[in-house]
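Labels run A, B, C and D following the written order; every chain starts at residue 1.
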Amino acid sequence: MIFLETKQLTKRFGGLVAVNNVDFAIEQGKINAIIGPNGAGKSTFFNLISGFHPPTSGQVIFKGQDITKLPSNKIAELGVARTFQTTNLFEQSTVLDNVIVGHRLRTKSTLVDAILRTPRLKREEAQCREKAMEVLEFVDLQHIAHKPVAGLTQEEKKRTAFALALATDPEIVFLDEPAAGVNPDETEGLAELMKKMVNKGITVCLIEHKMQMIMRIADKIMVLNYGEKIAEGKPEEIQNNETVIKAYLGGSASA
Amino acid sequence: MEILIQQLFNGLTIGSVYALVALGLTLVYGILHIPNFAHGALYMMGGYITLTMMTRFGLHYWLAIFVSIIVVGLLGVLMERFVFHPLREAPPIHDKIAAIGILLFLEAFAQFYWGAEYQSMPTPYGQIVEVFGLTLTMQRILIVVAAVVVMFILYLFLKKTFTGATIIAMSQNREGANLVGINTNKVAMLTFMISGGLAAIASSLSAPINLVFPGMGHLVILKAFVIIILGGMGSIPGAIVGGYIVGFSESLGATYISNDYKDIIAFLFLVLILTVKPTGLFSKGGSH
Amino acid sequence: MTNVLKQRNVVIILILFALAFPMMTSNTYMIHVMTLSFIWMIGVYGLNLLAGYTGYLSLAHAGFFAIGAYSLGLLTVKAQMNFWLALVLALVITCSIGLVVGAIALRTKEHFFAIYTLCLGYIIYLVIDKWDSLTEGVRGLIGIPAPAPIGPITFETEKAHYYFVLFFLLLVVLIMYRIVHSLSGRTYIAIRNSEDLAQTIGISTKTNKLTVFVLSTFFAGLSGALYASFVRFIGPDIGSTNIVFDLLTYLLVGGIGTLSGPIVGTLLIVWLSQLLQDFQQYRMLIFGPALTLLIIFAPRGIVGAVATWNMNRKLKKYPNNQARSGRSRNDSLVKSEIVPEKQVKEG
Amino acid sequence: MLKLTDVSVKYGSFTAVHDINIEVNAGEIVVLLGSNGAGKSTTFRTISGLNRPAAGELVFEGNKLNRRPADQIVQMGIGQCPEGRKLFPAMSVEENLRMGAFVHRRKRDQIKHSLEHVYELFPILKEKRHDAAGSLSGGQQQMVAIGRALMSKPKLMLLDEPSVGLAPLVVEQMFETIQKINKEGTTILLAEQNANAALKIADKGYVFENGTIVLEGTSAELFANDEVRKAYIGA
């Protein structure tokens, strides 16, 4: 069975076609990358898959189930997580506190449990905390778990955002420009982390502009231009693809 | 039939006042994207200043209104400079609370300085005239005519002058305006000046047929909010049309439904609109 | 760990003080003022849960305060119902209206929500004011009874009423404490922080927001009902926006989104207003600008300022710390630098 | 004409642009190349006064730009056609263009001339001059943005990715027009991802990577350079 795929996915904003008839299959257990020049429709494509915008037409199928019309919280429950370009974390509280809520969707306790302090709530809180520590260890932030987010570096914030996504127990994570705004050696660390996720059995799909990194770690790349898929394949194939070079360098591909 | 026409004219009068207040509100919303809860207090201040100018300094009605426009306009500018400007990057809840603080201050100030009692404003236009068999007071005719004139001048200013166009430009894209050489701070101040001025005109015109008191802005501002949601936040024609719609429905509602509940009509409109369309009528789809 | 111990001690001392307060003074007026401020605190907690923890500024809460008060008043005075039954029913009525209103109001966001609730509050006020046959209109409702005695315990004296209200306040604080320190609380804070993010980590923002809204109207209604039975007289004024602005001032001064903020803010302002007794009518000459200045310079109030100070101290303990919190202004610029696609849409 | 010396720009703790040096001489077309997020737009925003530099010096015709607000910089003669175009969508094309001449608002004749000139460069805009700018296609909006920048009669024009979102054929026309504008005496600083087309018309270029300039040279040099290719597709 195909893990996650889009069928003729299309999104129009007014007269502008941001994503045009894109068919794309994400391979399980691999690093899948989506690249393309500025304004090619990558972020929109991401938003369509994660249920953030409803598509104008087309379908998103996850493990055989049509998730096109599901609200994003339901999609998350099915095991699809994502991060944002801007980290959106709660600056005033600690890393751990930020991440704990990530496991909320796997718990059942309600407001009544909270007010009565039921055993279920206590159990689930412990469970969430444990999960949070586990994912913080995974992203290598356990040493600053109790530090307020406001004092973190950009890279540490990115890792916290990863941890938050991982705390939802996802089968696939969508990462929106994970390395934007971090230094080259930190980028290296984030790339390692993505490989680590895949090794743990989590499928990764990312948008990124840092080509050197993408070419090194991605198993499969899709290239978007003007909202349309212009190429798909392994990094080597993409690097030598005339259409892609043209899209990036422009004009006749003589360079 | 006569009652109907009489009521329609009343609607026109109230609608004119609402439209002027809503215009000021919508202009500020357009450029700063904040609902100025203190706008009603500006309206109230306008009424008091005109009244004081007339009674204490013996100025003529028109001159008093002029002073009021200037003073309230400047009050608006001060608000922009010292409150909304520093809060430009703050979370959305902040400028609302700040505006409420200003509102509370100005109301307490009015009560402290002018007293809590209701005062009536004299008008040189108290005569009653008969037009087409209708009995109208000159003041009401004046309200309608003056409102139309003010709106027309505002239209000319926004459409035909460079300075006016900067307000429109800035409401459509702040950075874009900055990049063609517009000093956005100046435009923001100018907008507050105009907004305050419009509030002052509206209250000075309507005060002779209503009364002047510290809470006189409450209902008006609430309805103005309904109007700009009805007409589209930031839309100028929307504020005018919305103002008249609310004015007419109120005066008709007062006659044919219940005078007691006429003030609720506007809010029922709002509840209806936002229930059906949570982002307001005429909001641009697909944003965010 | 010492911190927690210290906190607990402070709480115990405060509770002991609250319990001992009526014993320390023979001045019933002071007890009266204290009881009133406890009642306000409950309402402020309602506002705090919604605005402070979930990010939705509701200006309709004076309305729910009034609904609670009038429900109790009408049920006891006009329907001659037993006080306790009436209290429970009053809360049920408030919450039911809260549920309906919330379901509609929460479809809107930010300023639409604020405007919408402001207008709803006004509708509630107008209905109370105009529906003479039910509410007695501007004449108000008189003769609302004090709580009916439970066995040997009566609530006729000021002191007894003080403890009665204190009981509810402690209950509310306990509930708030538990909510804030539970998964539910974390969920609400996540929503305030970013609804988009909350939604993508699998939180149903709709259900959670509605739950919070109803609970916050519950607090407002409880506060109103207690007010009615304490003051014994209510008029339509208690539903006016001034009440919600008062509550908001208490909250902001104390610290929005903090647990102890409502207590600190309410105590401070209520007692300050008492000192300025002659000035009571014009108190907003000071509190109005205070509200504005606070939101500009100390948006999280007194408690928030102390907490921030503590946090910065904590931050200093980490030597590798690069910079203090990146201001939101910069964040938004970073966004414009790396979210080009959004801007393409704009054009 | 324009000189940036050791300029750094920070967003909070993140350094977006680090110690860059750029020199633009009068009459040149200079291109800044680099992938998304490499720091080109930040550099532009800093030159036009929307961002403040954390360090370094920006000098335009002998005047320091560092602390000046954006509107003054336009008056000094730097016009920008920004990333995302930043048009006034509900205003008509002509109103947009007129707003571009805001700094010359008292010179009616000059505005009329500039307007004609823009319509000459982009005849399609004349046809659509009464349409709302927001209703135009991407390419036409880009024309309005360039036209609007031209209306201020800039000595130096900053063009931030004019080819974004345009169909290939339109891109070519766009670059021809840019060249034409340059020949008429406007110095141009261009940020592009479309390296090929940009280098064809440029005199020299700078390649950005991770907020620093990794390479600079004449267009011919850059055109032949493998690094440029690498910077783009990581090959």
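By definition in this document, contacts are C-beta pairs under 8 Å (C-beta built on N, C-alpha and C of every residue); 3 or more make two chains touch, one makes a residue touch a chain.
As the structure is a computational prediction, the values presented were derived from the model and not from experiment.
**Q** Can you list every chain that touches chain C and also touches chain D?
**A** A, B
**Q** From chain A, which chain is the farthest off, judged by mean CA positions?
**A** With centres defined by C-alpha atoms, farthest from chain A sits B.
**Q** Please work out the Cα centroid separation of chain A and chain B, and write it as a whole number of Å.
**A** 47
**Q** So what's the Cα centroid distance for chain B and chain D, whole Å?
**A** 41
**Q** Between chain B and chain C, what is the gap in Å from one C-alpha centre to the other?
**A** It comes to 31 Å between the two C-alpha centres.
**Q** Need the CA-centroid distance for the pair chain A / chain C, whole Å please.
**A** Comparing mean C-alpha positions, chain C is 38 Å from chain A.
**Q** Residues of chain C that touch two or more other chains: which are they?
**A** In chain C, residues 322, 326-327, 331, 334, 338, 340, 344-346 touch at least two other chains, as defined above.
**Q** At which residue positions does chain B touch at least two other chains?
**A** 173, 286
**Q** Could you check chain A for residues that touch two or more other chains and list them?
**A** In chain A, residues 13, 16, 38-39, 153, 177, 180-181 touch at least two other chains, as defined above.
**Q** In the complex of these two chains, what residues of chain D are touching chain B?
**A** Counting only chain D, the residues touching chain B are 48, 50, 69-71, 74-75, 80, 82, 85-91, 95, 98-100, 102-103, 105, 148, 151-152.
**Q** Within their complex, state which residues of chain B touch chain C.
**A** Touching chain C: residues 34-35, 37, 83, 86-87, 89-94, 96-98, 100-109, 111-112, 116, 173, 218-219, 222, 225-226, 229, 260-261, 263-264, 267-268, 270-271, 274-275, 278-280, 286 of chain B.
**Q** Touching residues of chain A toward chain C in the complex: what are they?
**A** Those residues of chain A that touch chain C are 13, 16, 18, 38-44, 50, 52, 71-73, 76-77, 81-82, 84-86, 88-93, 97, 100-102, 104-105, 107, 109-111, 113-115, 117, 121, 124-125, 128, 144, 147-148, 150-151, 153, 164-165, 167-168, 177, 180-181.
**Q** Spell out the part of chain C that touches chain A in their complex, as residue ranges.
**A** 175, 178-179, 182-187, 189-190, 193-194, 196-197, 199-205, 211, 215, 307-308, 311, 314-315, 318, 321-322, 324-326, 331, 334-335, 338-342, 344-345
**Q** Chain D touches which residues of chain B in the complex?
**A** Interface residues on the chain B side: 162, 165-166, 168-169, 172-173, 175-184.
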